Structure formats: structure tokens, C-alpha cells
């Protein structure tokens, strides 16, 4: 009994510490005056409105959403054929590409960022807005690659064989059997890449930092010139959006399975 | 539908696009970075091709040695603290009902994917004089007047552990979720208290997982580049910060690249070690 | 005319040979059971017929057309998988109509055919149910209906009934046989259950270690096993090793037997079914009798089982209860092997590996 109380207490404390910075930021975001005070004095949602009305913040928000959408889509386009190929054919050499797809995520991000910086500078595209989309797609391709490998792994091969005996060729099997079964994994792979691209700073900064402002870059730049409550409002919006996306993944997909709680053949 | 080696162009076609993308946009940039690390810097300009090791020689300076040992020490401290808190936490987490587990996972994933900018900003607010936690202490009568706790080493450490904690939980989660609950129950029926069972059965059984996770978190913490700038003082800058600084503000790409290559080697060696430790557990 | 011809069909996985040159002729409308212990290559053979494995050698011909290398989706065979492989994202009806759907049949056509087939497998009214809401037996029927949707030339089933409980399995065996007779479709079933094979098949193909040992009607496989493996695998049998010493005379452990079908000379192996062994009280005399000691006896209701030690070998005999000799375990008995019941097999050494 005592043990249980202590456990709940510890869990509660951890939840509190994890939430505390966000709660304080949420508090200061509704201050009436342009000052960093907690508990908030007065109540105002003006700073939230400013995120959408101020051209600078609105532009950064739109840029971030566009970059995240395009790069997550491109990441899925890279990961899907690769994961399918590895699942469909016996090609041990192709595992090398899987390893390549995993590497950027494991290494410290500054390394990948620096690689992209040298590359785009060398090909003369340094600062072009589209380079951040390609960079993020390759940087985050790990996520759809992992979810899709799990997804294909979960497709019982006898489904494919059954479809084949009924006259379905590779393309038809993919369209009518495999695709419907891996769709949740496609969506969660996209969502993971989307959220991480939305929050990514160093790669975006090194690649297009001087020509394009994503939200994290905008916040960091703004921090240097001092505090404005708009940052707090943006932060709260971002945290909510992130939690919403993961909530949707949990709602539509099998989150514990995606995170590896069960062995493949369970 | 026979699973065999692919033949001909048509069957290889699907992998062409991903292979091309990964080679052009990862292998080539990565190789380029390695190449740049031995290029010669042109003051005022960028760099030009050469084969000099001057950039690597700079590693031998006391300043670089200081930054390197601080980075490694900090990452190690963060790794040990994170695993120390996250292991018992994850152990409880996997025993929760499914619904509660999922709520925790969503919460942890959300924090994990937060931008370092946002984490840094949130912590500096939490530790600030005007809006920070010290106001609460003052209200409770624990402190005479509010004060600023950031930037400081403590603030940096708190921010890094905060960032690494969800990562650690998610790395540990699969191993602990698959842990055989009967093992611990068996220990319990043999008269161990839950706490004793945890330390005598669960922890030794997962020793390699713990080692592998600690290394993974170490590499993760090594990659932090913004928190040291936002929550620490200049003497708390890590190798990642230094690389960014050299590349962007000092325009010394060759030296930044050399440091990056060094960081890659350290990280890869550690990841290899972690995989080895993880594999041994699976065969055991 | 032979509908399906297997000509030296072989499958190797690296150094392991799963199927050694299987040759077989299967006439139209036959019900064939591939029978053998697990790992004997029967499933691999079926999968080669279906086009799900590439043969390493040999030919596969149907109605004169060589289909050895034809991809599975061009063969137009129906197959029921051991796991059933019903698509979880489709309803029962959609599963059955799947082969029609991918050929571009209209929704109405698909629906009509699905309902016809559900009627055929005696499962009307479940077309709109998701497969996860069906019982094991119902799924079985849906899988069978789906495999028959295109009226295939060949109906293949891989251990189709192994997941069902004993009672349901029995009922499905009979139903499957009736269905096959009604449709007159050439059918090949893989099973490890000899009872299942004996109940359903026109032709039983006994396999072991990648080889076909015998392909014959069930009663012939039982009464005239081709070798010791078949004799031992199908039902229970007594195997006696002997040496032919004179024409029609073989010496076996514990005595001499006089049999008409013996080879002129050399070692032989005799198979005698327990129900053919006749047990007499000790001391009674007659031809082809050996003396032994009763080691164990039990009542099986319809019959009595004796285990008799004859010169150190155990002989099993089944008698009607009323024929039971008055003897207790440890007592002596006389065991008769009627010549008509003794099947002469090639000696052990010549058995294929």
C-alpha cells in the first residue's frame, strides 16, 4: 500500500516536472502586459492573435507548416519503395540503404547539418528555400522507414500468396492487399516526420538560416533581442499541435506496437 | 509471389529512387564533409581543396581539449541521470493499463519532439527571476526574494535531462515491455519484496539493455547544441556548439568539418558498442 | 488422360533437398491427399504446384501445357492456406469476391457470386460480416468459398482443417469430400492426419524425407504398403525381418513362416496388421505359428489388444473379445501369421532415405 502511494507520488512528480516549463510558458503567454511575469497578471489572448496577425510570425508559421508537410511527404516517398523492396525481394545488399536511412537520425544532428551545408554550398544552391525540404526529408527518412518496416513486417505473407493464387500480380497485390494493411504505418511515419520537421532547428538553420525563417529559427532569433509574449503563445501552439498529432497517431494506430512493445510475430 | 533475388531492371526499379536520394543527399554530403575537413581555409573566403591536417592538429590545443572533455563529461552525466530516473519509471509504465500507457507515451513523445529552442525558452522562463519557480518558493516562505537561476550549469543540466528523459524512456520501453512478468512474480513468490525483486531480478537481467541505453542517451546528449547556448554560460559550450560556431560565425568550414568527423567517429564507436551490448542480451 | 503431371519435381534450399524428384499423374476429378509426417516435403510440393515456390528441377504439366515456370497469378488454381489467409480488411463477402474484383467484375456480379458461394459452403447470410467476427469453422468455409470463386481447374488445400477441434474436423472432412464430388474438381490436400487422408482421398500419396513412397487408393496403401515406412506410418503394423532359406520359406526371429509370395532368396521384411494376427492358446499346433509370452493386454471395447514377446520382439495383435484365449500376462501363447495377411516388403537396407 505504502509502495503504491510512493509510486503514484513519484509518477505525479515526474509528470509535474515534465509539464512545469510548459505550464509556466502557458501562464506567461496570457499576461496582459508585454512582460515576463508568472503568475500572469490579467488575462489576454492578444499574443495568440499576434501569431496570426503579425506578418513575421505568421510567415514563419506558414513556412514551417509547408516545409514540414513537403519534407514529411518526400520522406515517405523515399521510405515506402525502399521498405517495400526490402520486404518483397530477397536482396541483402539493399540493407545497406536501410542502414543509410537510419544513420542521420542516430548521429548528432549537427553532423548531418554540416554535411548539408557543405553539399548545398558546393552545388551552388546554398540558401535556396527548397533545399530545406530535401534536407529534412533525408534527415527524417528514418521515421517512416522504421514505421513502414514494422508495417510490412506485420503483413502476413500468406495474404500475398493467397492474392497471387487468385490472379493478382505484384502491382494488384500492392494496391488491393498490402496498401490497405500498411496505411496506418504510412500515416504514422508521415506524422512523426512532420512533427520533428516542424520542431527542427539546426539543419534548417545551417541550410536556409539566412534566407528562410521557420518557427524555431524565428523564436531563436527573437530570443536574442529579448522576450516577447508572442514566443510563449507560439510555444503553446506548437506544443498543442505536437500533442494533437501524437494523440491522433495513438487514436488511429497502435502506439505501443509502433514503439516496439511487442515482438513482430505476436 | 516468390520471395527471391530481384531480376532485371523492372524488379529493381522501386529501389532506384530511394537509393538515388540517399546517395546524393546523404552519402555525398557526408563524404564532402570529410573531404572538407582536410581542405585549406581561405581567410575571408570559404575553403579550397587541399590535403592538410592542420584542422586536426588544432585538437591538440588546451582549449579544444577542455571543450571535448566538458562535452563528454556532460553527456555522461546526463546519460547516467536520465537512465537512473527513466529506468524505474519505465518499469512502472509498462505495468500500467493500456490506456494510461498510451496517454503517457503521447505526453513523452510530445516533449521529445519539442524543438530545443522551445525547451530552452521554457526552462529559461521557469528559472527566470520574474516568472520563475523562485517566485513560488518566495510565496511558500522558503526564500526571501526571487532570483534568476539561469544561465548556470544547473540550468543546463536540468534542460538536458528534461530533453533526454523521454528519449531514454522510449529506448527502454520495448525491452521492458517484453520483459517476462513471470520472472519477477517467481521472485516474489520466493519471498522477495517488490523492491528486492526489482534490484535482484529485473536490473541484473537487463544489465546489457541498461548499458546500451546509457550509451544511446550519451550520444543523444552529445548532439545538443542549443541548450548550452540558451541555459549555459560560454564555458558550458559543447563540441556541437563549437562546430556550429566555427561553421556559421567564424566561416571556418574545414575546422568545423574536422570536429564533426571527430564527433562522428566517437558517436559511431559508441553506437557500435551499444548495438553489441544489445545483441548480447538478445542471444543470452 | 492425365490432368496434372508432376515429372521429377525437385526443390532444393541450398544443401537441403526438400523434395526429391516427385513424379505423379493425377487424373481429372481426383481427390488426392499428400500425406506424411511434418517436414516430409508435402507442403513444399503443394506450393510448387501452386506456383508459390520455384522448382529446382523437373516439370509440371497441366492438360498438356507446361506451367513449371508460370507465375502463381497466371495459373488459375484455387488455394486454401493453413492460416486461411483471409484478408482482415475485407468482409467475408468481399474476401470471396476478391478474385472477381481484381478482374474488374461489377459490384452486383461480385455480390451475386459471393452469395452463391456462401450458399454452396452452407454459410448463407454472412457476406457483410468482417472476418474477425466469424468462428473458426465459418472462416474455414469462407476460405474454401473464396478458393472456389473462379471455378478453378485445380483446388489446393494446405492442412485446411488442422486448426479445427476434432468434432468439427470430422464433419468438415465429410463435407469437403461431398463438395468435391458435387463439383467434380481435381483436388489436392496436404495433411499429416492419416485418418483424414483415408476418409477423403481417392489417391493417397505417402511422403517422407522429400520422397514419394507410394501413391495409391487408401485401401491399397493400407493393405499393400509399398515399403516399411508406409506400412508403419499408415495404421499400426508388426514388422518382421526374415531370411529366405528355401522357396516359400522364411526364417524369422522365433520360428519359420511359409509364405507364397517370397522372393527366391535373400533378406525380406514382412508387415502384418495387428487385426490379422491370430492368437491361440499355447500348445495348439498349426502352420505359421510362433510361440511367445503375453507381456500386456488391454480391452478396447470392440477388441482386445495383446502385446506378445516373441523371441525378444514385441508383436501386437487385436482379437474380438469372444476369441480371447484364457491366459494372463506372463503366460505362454501361440501366434499365427496367416499367409494372406503377410505383406512382403523390400528389406530395410533398400529403403530409400
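Just so it is clear, A, B and C label the chains in written order, and each chain counts residues from 1 on its own.
One rule holds in what follows: a residue touches a chain if its C-beta (ideal position, glycine included) is under 8 Å from a C-beta of that chain, and two chains touch if they have at least 3 such contacts.
Everything numeric in this text was worked out from a predicted model, so none of it was measured.
Student: From chain C, which chain is the farthest off, judged by mean CA positions?
Tutor: Result for max centroid distance from chain C is chain B.
Student: What chain pair shows the greatest number of contacts?
Tutor: Summing C-beta contacts for every pairing gives the maximum at A-B.
Student: With chain centres taken as the means of their Cα atoms, state the distance from chain A to chain B in Å.
Tutor: Once rounded, the distance between the two centres reads 16 Å.
Student: Quick check: how many Å separate the C-alpha centres of chain A and chain C?
Tutor: 56
Student: Please work out the Cα centroid separation of chain B and chain C, and write it as a whole number of Å.
Tutor: Once rounded, the distance between the two centres reads 60 Å.
Student: If a residue has to touch 2 or more other chains to count, which residues of chain A qualify?
Tutor: Chain A, residues with two or more chain partners: 161, 163-164.
Student: What parts of chain C, by residue number, touch at least two of the other chains?
Tutor: In chain C, 51-52, 72-73 touch at least two other chains.
Student: At least two partner chains per residue is the criterion; list those residues in chain B.
Tutor: 1, 4
Student: For chain B, which residues are in contact with chain A within the complex?
Tutor: Residue list for chain B touching chain A: 1, 3-6, 11, 14-15, 17-19, 21-23, 25-30, 32-33, 36, 46, 85, 88-89, 92, 94, 98, 101-102, 105-111, 113-123, 125-126, 128, 130-133, 135, 162, 165-166, 170, 173-174, 177-178, 194-195, 219, 222-223, 225-226, 230, 240, 243-244, 247-248, 253, 256-257, 260, 263-264, 267-268, 271.
Student: Could you pull out which chain C residues touch chain A in their complex?
Tutor: 50-52, 71-79, 81-83, 85, 87-89, 98-99, 101-103, 146-147, 149-150, 156
Student: For chain A, which residues are in contact with chain C within the complex?
Tutor: These residues of chain A touch chain C: 156, 158-159, 161-169, 172, 176-177, 180-181.
Student: Report the residues of chain C in contact with chain B in the complex, numbered from low to high.
Tutor: Within the complex, chain C touches chain B at residues 51-54, 72-73.
Student: Enumerate the contact residues on chain A facing chain B in the complex.
Tutor: Those in contact with chain B are residues 3, 7, 10-11, 14-15, 17-18, 20-22, 24-25, 27-28, 35-39, 77-79, 81-82, 84-85, 88-91, 94, 97, 100-101, 103-104, 106-119, 121-122, 134-135, 137-138, 141, 157, 160-161, 163-164, 170, 173, 195-196, 199-202, 205-206, 209, 215-216, 219-220, 223, 231-232, 235, 238-239, 242-243, 246-247, 250, 255-256, 259-263.
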